[in-house]
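Each in C-alpha cells, the structures are laid out below.
Two complexes follow with subunit A in common, the first pairing it with subunit B and the second with subunit C.
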Partner chain A sequence: MKLMDHIPALIIAVPLLAAFLSPVVGKINKKVVGILAALALGFSLIFTIILAVKILSVGPQVYVFGAKSPSLTLPSGLKFPIRIIFQIDAMGIFMGLITALVSFLGAVYSLAFIDKNNGIDKYYSLLLLLAVSMFGMELTGDIFNFFVFLEIASMASVSLICYKGTERGEPVEAGFKYMVVSSISALMVLFAIGIFYGEYDVLNMAALASVIKYSQLDKIALGILVPVLAMKAGAVPMHMWTPDAYSEAPAPITMILVAASQASLYALFRVVFSLYNITLNTLVVGWIIIIFGLLSMFIGVTMAIIQKDIKRLMAYHAISQTGYMLLGVGVGLAVLANPIALPEYGITAMEGGIFHIMNHALYKGLLFLTAGALFYRTGTRDLDKMGGLAHSMKYTTIFFIIGAAAIAGLPPFNGFASKLLIYESVYRFNPLLSIIAMVVSILTLASFVKVFHSAFLGPQLPQFKEVKEVPQSMVLTMAVLSCLIIFFGLFPDLIVKNLVHPAVMSLIEQFKYTGIVLGGR
Partner chain B sequence: MIGNFPYVTVAVSIGCGLYILMFQKNLIKLAIGINLIESGINLFLITLGYRKGGVAPIYTQAPAGKAMVLPTPQALTLTSIVIGVATSALVLSMAMMIYKHYGTIEVDKARRLRG
Partner chain C sequence: MKEMSKIVKNITKLVYGFIIIFGFYVIVHGHLTPGGGFQGGAVVASAFALLLISYGQLEAKKLLKVDIFSLLESCGLTAFIVIAFLGLGTTFFYNFLANSGGWFGNAVTPGINPGDMNTAGVLPLMNMAVGLEVFAGLGIIVLLMAEGAEYTNKEGEHRNDR
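Take a look at the complex of A and B:
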C-alpha cells in the first residue's frame, strides 16, 4: 500500500499541520482546538504503533525525504547519502512510542486542566510543536536535522513553561533559565556538528559512524556532546534548570517535558553507541556516564527530601530517576568492548536502563498529573497547606499510591521490574554502585511517604470541604497510565523481550543502525 | 597563518560569550552572550566551507574551471541564523516579562525560585 511507505513522515506531518491549524481553528471556535490536538496526536500514536510493529517484525526502516522512492538512500552511485533521512531502528521507535503516548495523554489531560479563555489555541499549537520536535529528534538520521529539532523543542518547551507568565513572574524566571541552558547546549551541538562536517564532509549519522576514527577532533566533539546532552537531560551537576522548569510548567506540560529530556538522553546514547561505539575508550566514557548517574541519583533524592512544593519535590525525583538510566546504560557502555562481561551482565544492565526510561515516563507522568489534579482543586502546591484530601479525591489518591509505589520500586509495579534488572546486573560490575542505587530507592520511598501523609491523610480540612474529584478526562488519563504501570509490572518479560531487548541490541550492534543506509557495507 | 585568523575569531567570540553567560548578572547581557556564541559558531561553519579563491556556489552561473566554496555549510548557517533570530526574540521577550513582574533585570534581585 502506498500510504504505508510514508508512515515515518506522517508521524510528524499530522501534528505539524495541526499545530499551524490550531490558531486558525481557535479564531472560529475555542472549544474544538483541544480536540483537534488530541486527534492529531492520536493519529500519531496509531502511526507509531503501526511502524513499531513493522520495525520489530521486519527490521529497521528508512525514509528519504525528497527522493523518488522513500527507501532510496544512495541514488545513482553516491558513496554517502545527501538527502535528509529518517532512520528508525528499534531504539528510535521505542522512544517514539513513549513520546506518542505521553504527548497524546498530555493533550487529553489538558482538555479539562487548561483554562479555556486565555490563549488556548497557542497552548495547543506549542504542545503539538513540542511533540513534533520530540518525534523528530528520535526518528531522524541526520545530525543537523537533529539540531533543528532540538532547537524547536527548546523554543516550544520554554514558551509552554512560561504559559502562566502573564500572571506571575516565577514561570518566566524558570523559562529564562531553561532557555539559556538549552540554547547553549543546542549551539554546542552545532559546534560539534561543524567539527564532524569539517573532518568527514558528511552529516548523516550512519555515514559518519562508518568513517569515524576517534581522532583528537572526535574526542573534542565527544567532550562537547556528552556534557551538553546530559545537561539537557537534567543530570547532576547540570541540573539547576530542572526543578524550576518542571515545577512552574502546567502539569501536562511537565509530563511531556520529562519525555523531552529523555529524548536528549536518547541522543546521548545514540551518539555514544551508534556514532562512536567501540572506537572510543569505552571504560573511561562508561565511567563518566556512571558518575553522572550516581551524582544524579544521590543528589536528586537528597534534595527532594527537603522540598515543600509538591511539584518541585517530584522534579528532584525526576533527576534522581534519570540517574538510574545513566547508571544502567553506563555499565553497559563500560563493558561494551569486553566480550565476556557484555553478554553476562552488560546487556542486562542496559535493558534495565532502557526499560527504566519507559517506566519513568509512565509513573513520573502519572505523579505529575496527580500533582496537577491536587493543584486544580486546591489551588496550591505547598504540602504544608494541603491535608486530608483522601476524603474527597478518592481516585486521585489511588493513582498517587500506584505512582509512588512504582517510583519507589515496590513489587507488582513497573519501577520494580526495571530497578531489579539494574540492581542485579550492576552488582556484578561493582557491588558498591548497586548498594547506592538501593539506598536511593529507599530514600525515594521515604520522601513519597511524606508527601502521601501530608497531602492525603489526616482529618478533612475546613478550607477543602468543597473540594470534588477532578473532571472525567483527567481521571481517564491517569487511569490509563495506572493500568499501563500495573501491566508493565505484572508482565515485564513480555515488554523486555519484545521491545527493550531489540532496542538494546540495535544500540550495541552499530552495524544494525548504519547498515540500513549504507546497504550492508 | 593568516588563513587561521577566522578560527581565532571564532574562539574569541565563543569565549567572550561563555564568559558573559558565567559572570554577568544582567539579563540583556545574557542575551548578548548567547548571540555572541551563536555568531562564533556561524563563522566557524562558514569558514569550514571556504576554499581559497572559490566563487559563490551557484551552479549555472559559475565560470568554468573555477573552484566553488562548499554550499552545505552556507545552508546550515542560514538555518542557524533563522533559529538564532527566534531564540533572541524569545529570550528578550522573557527579559521584558521578568522586568514587568519583578521591576529589575539583575539576576541577583530577580530570583524567587530557590532550593
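Take a look at the complex of A and C:
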C-alpha cells in the first residue's frame, strides 16, 4: 500500500506521535514544543485537505485499523463488521477540515500567547490530544470508538480549561463544571451504546443503521443520545457549562473548544440521520431539535447582551449561534420523510445549518482570538475597564470588525451567506421561526456594537498608553481567519456547491454512508 | 506525610520488590493470563504508593522522582505509537509480528496448553509499553497527591496557629 492510502490514519497518528513526544522534547528545549505541535497539526491539515479532495471526487473512504478488511469472515461464511474502522464521508471530512484548520491556527496562536512557564509541554500535549480526539469523533465509523474519543476530548479539554488554575480559582471551577457535564454525557452515551449492543450485537455504525428498527429500546437510546449530545454542544437547557468553560480557558483553547462542541453536534446529526434516518418519527424529533435551537438562539443572545466580561459575552453568543445550526438541520429533519418539502426547502435549510457550522467556527474563533489579543495586551477581560484600544491595536480592531460583522450576518461576510439560507428555507417551513432568527441576528449586532464601542472607541486611556499591537504570529492567525471569512462571504456558492451540498446529501441519503462498509447489502 | 513505625518500614523493605516483580509478571504475561499492561502497571505503582506511605514523603522522594517518571511515561507512550506506525506496511496498528516465526511470532496452538510466551506478535510489546506508561503515570499521580496532602496539612496548621 502506498502512503496515500494511509492518510485517514495519518491524520490522527501524526499529532498523536507529537503529543507523546512533546514532554520529552520539552525537557530538552521548551521553545521547540510549540513548533513541533504546530508542525504536526500542519501536517494533519495538509492530509485532511488531500483526503477531502479524494472523498469529494471519488467517494467515501474506509480505513481499517490493524487488519485488511472491515469484516471478519467466519469459516461458515458469515461476515461480521467488527473491526475498528474510520469511515469518512463528505460530512465527516467537512467537520474534519474545520477541526484541522482551527486546531492548527490555535497551535500557531499559542506560540506567542502562552507564556513559556512550567507547563508548556503539557499544554501542547493536551492541545494535540484534543485535536486528535476531535478528528477521531468525526472520522470514526464505530460507535464505541466514538465514545472513547469523546472521553479523550473531555479529559483533554478539562485540563486545558484549568490551565490557568494555578493563579486563580475560577478556571478550576469552570473545569470542574465541565468535567461533571462531560462525565454525565459520556456515561449516558455509553449507556445508549450498551442498549444498541445488547439489542443488535453490533457496534459498527453502518451495520447498526442497516438493522435498526426504532423499537421501544431504540426510542430510549435516542432519548438519551439527543439531549446528551446537545448538552455537549451547548444547547440551551443544558448550557450552564459553556459560559464558564469558554471564558476561563486560554483564548486559542476556547477557539478549539468551539470546534470540539461542534464535533458533538456532528455526532448528534450523525445519530439522527445516519443511524435512524426515516425509521424515526422525523416530525417530532425534528421539532424537538428546532425547539432546542430556538431556545439556544434566543436565551443565548439575551444573556449575552447583559454581560460585561468580553469572553463570557462571546461564549453566550456561541450558544446563540449553535441554535442556528440546530434550527437549520432540525427543519431538514422535520421534512425528511416528506418527498415534496425536502427538495423544495428541506435541503436548503440543512445546507444553511451545516454551512453555519463552518462559518461559526471561523468567525467565533476569530472573535475569541481578538478577545485573547485584548487580554494579552491589557490584562483584563472586563469591558468597563477597556477603552480607546483602536488607537494602539489597529490590526486587532480591523479583525474584530470583520468578526463582529460576520456573526451579525452583515452582507459581505460569511455569516450572511449561511443565515440567508436558513432564513429563506425556514420561512417556508414556519414563518415565525424565521422571524425569531432575524430578531436574534439584530440583537447579536446590537451586542457587538456595544463591545466595539466600549473596547475600541473613545479617547486613548492613560493606563493603556503603553499598549502595542500583538506579536506577529497572533496577527497572522487572525489574518488567515479574516481572509477565509471574507472569501466565504464573497463566494458562498463555491463552498456550498462543493463542500456543503455533498455533506448534506450524505447525511440525508443513509445508504451512501452504510453502503461503503456493507457493500450494498 | 510522616514516616511510619519501624515494623511497617521493615515489612515494606521486604515486600516491595516482590510487588514490583509481580507487577512486571502481569505486564509481560498480558497476552496469556488475565491482566495486561494497565493492570500490571497499577500493581507496580501500588508498590511505589506503599514506599511513599511507609517511609514518608521526604524519604521516598530520594528514590521516586517526578521528572524520571515523566520521561518514562513519554517513552512508553511513544513506544506504543511507534509500534503502531511500524504496522503501516499493511495498515496502522497492524500486527506485523504475529505468525511470522520470529520474535513473538509463533502460531498459537488451539486448545488447552501451558501457554507459549513467544506468541501474539506486537501485543506483548504494546503491553510492555502500556505497562511502562501506566506505572510511571500512576507513580506521578501518587507523588503529586502526597505533595498536595502536605500542602493542605500546612494550610491546616497555619489556620490552627491563628
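Criterion: the second predicted complex is superposed on the first by the 510 of 521 C-alpha atoms of A that agree within 3 Å, B and C clash if a C-alpha of one lies under 4 Å from a C-alpha of the other, contacts with A are read in each partner's own complex, and residues count from 1 in each chain.
The working rule: a contact is a pair of C-beta atoms (placed from the backbone, for glycine too) under 8 Å apart; a residue touches a chain by one contact, two chains touch by 3 or more.
Just so we're clear, the structure is a prediction, and the values are computed from it rather than from any experiment.
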>> According to the stated criteria, A:20 is in contact with first (subunit B), second (subunit C), both, or neither; which is it?
In response: second
>> By the touch definition at the top of the document, which applies to A:67: first (subunit B), second (subunit C), both, or neither?
In response: second
> After lining up the shared chain so the two structures overlap, which partner does A:58 touch, if you call subunit B first and subunit C second: first, second, both or neither?
Replying inline: neither
>> With both complexes overlaid on chain A, does A:176 touch subunit B (first), subunit C (second), both or neither?
In response: first
> What is the contact status of A:248 with respect to subunit B (first) and subunit C (second): first, second, both, or neither?
Replying inline: first
> Which partner does A:6 reach: the first (subunit B), the second (subunit C), both, or neither?
Replying inline: second
>> For A:340, using the defined touch cut-off, is the partner it touches subunit B, subunit C, both, or neither? Pick first, second, both or neither.
In response: neither
> Who wins on subunit A residues touched, subunit B or subunit C?
Replying inline: B
>> So in the superposed three-chain picture, is A:191 touching just subunit B, just subunit C, both, or none of them (first/second/both/neither)?
In response: first
>> If we count contacts the way the header does, which residues on subunit A are in touch with subunit C in the complex?
In response: 1, 6, 9-10, 13, 16-17, 20-21, 23-24, 27, 63-68
> Which part of subunit C faces subunit A closely enough to touch in the complex?
Replying inline: 67, 70-71, 73-75, 77-78, 80-82, 84-85, 87-95
> Within the complex, which stretch of subunit A touches subunit B?
Replying inline: 144, 148, 151, 155, 158-159, 162, 165-166, 168-170, 172-176, 179-180, 183-184, 186-187, 190-191, 193-194, 197-198, 203, 243-244, 247-248, 303, 306-307, 312
> Given the complex with subunit A, which residues does subunit B contribute to the contact?
Replying inline: 14, 21, 27, 30, 34, 37-38, 41, 44-45, 48, 72-73, 76, 79-80, 83, 86-87, 90-91, 94-95, 97-98, 100-102, 110-113, 115
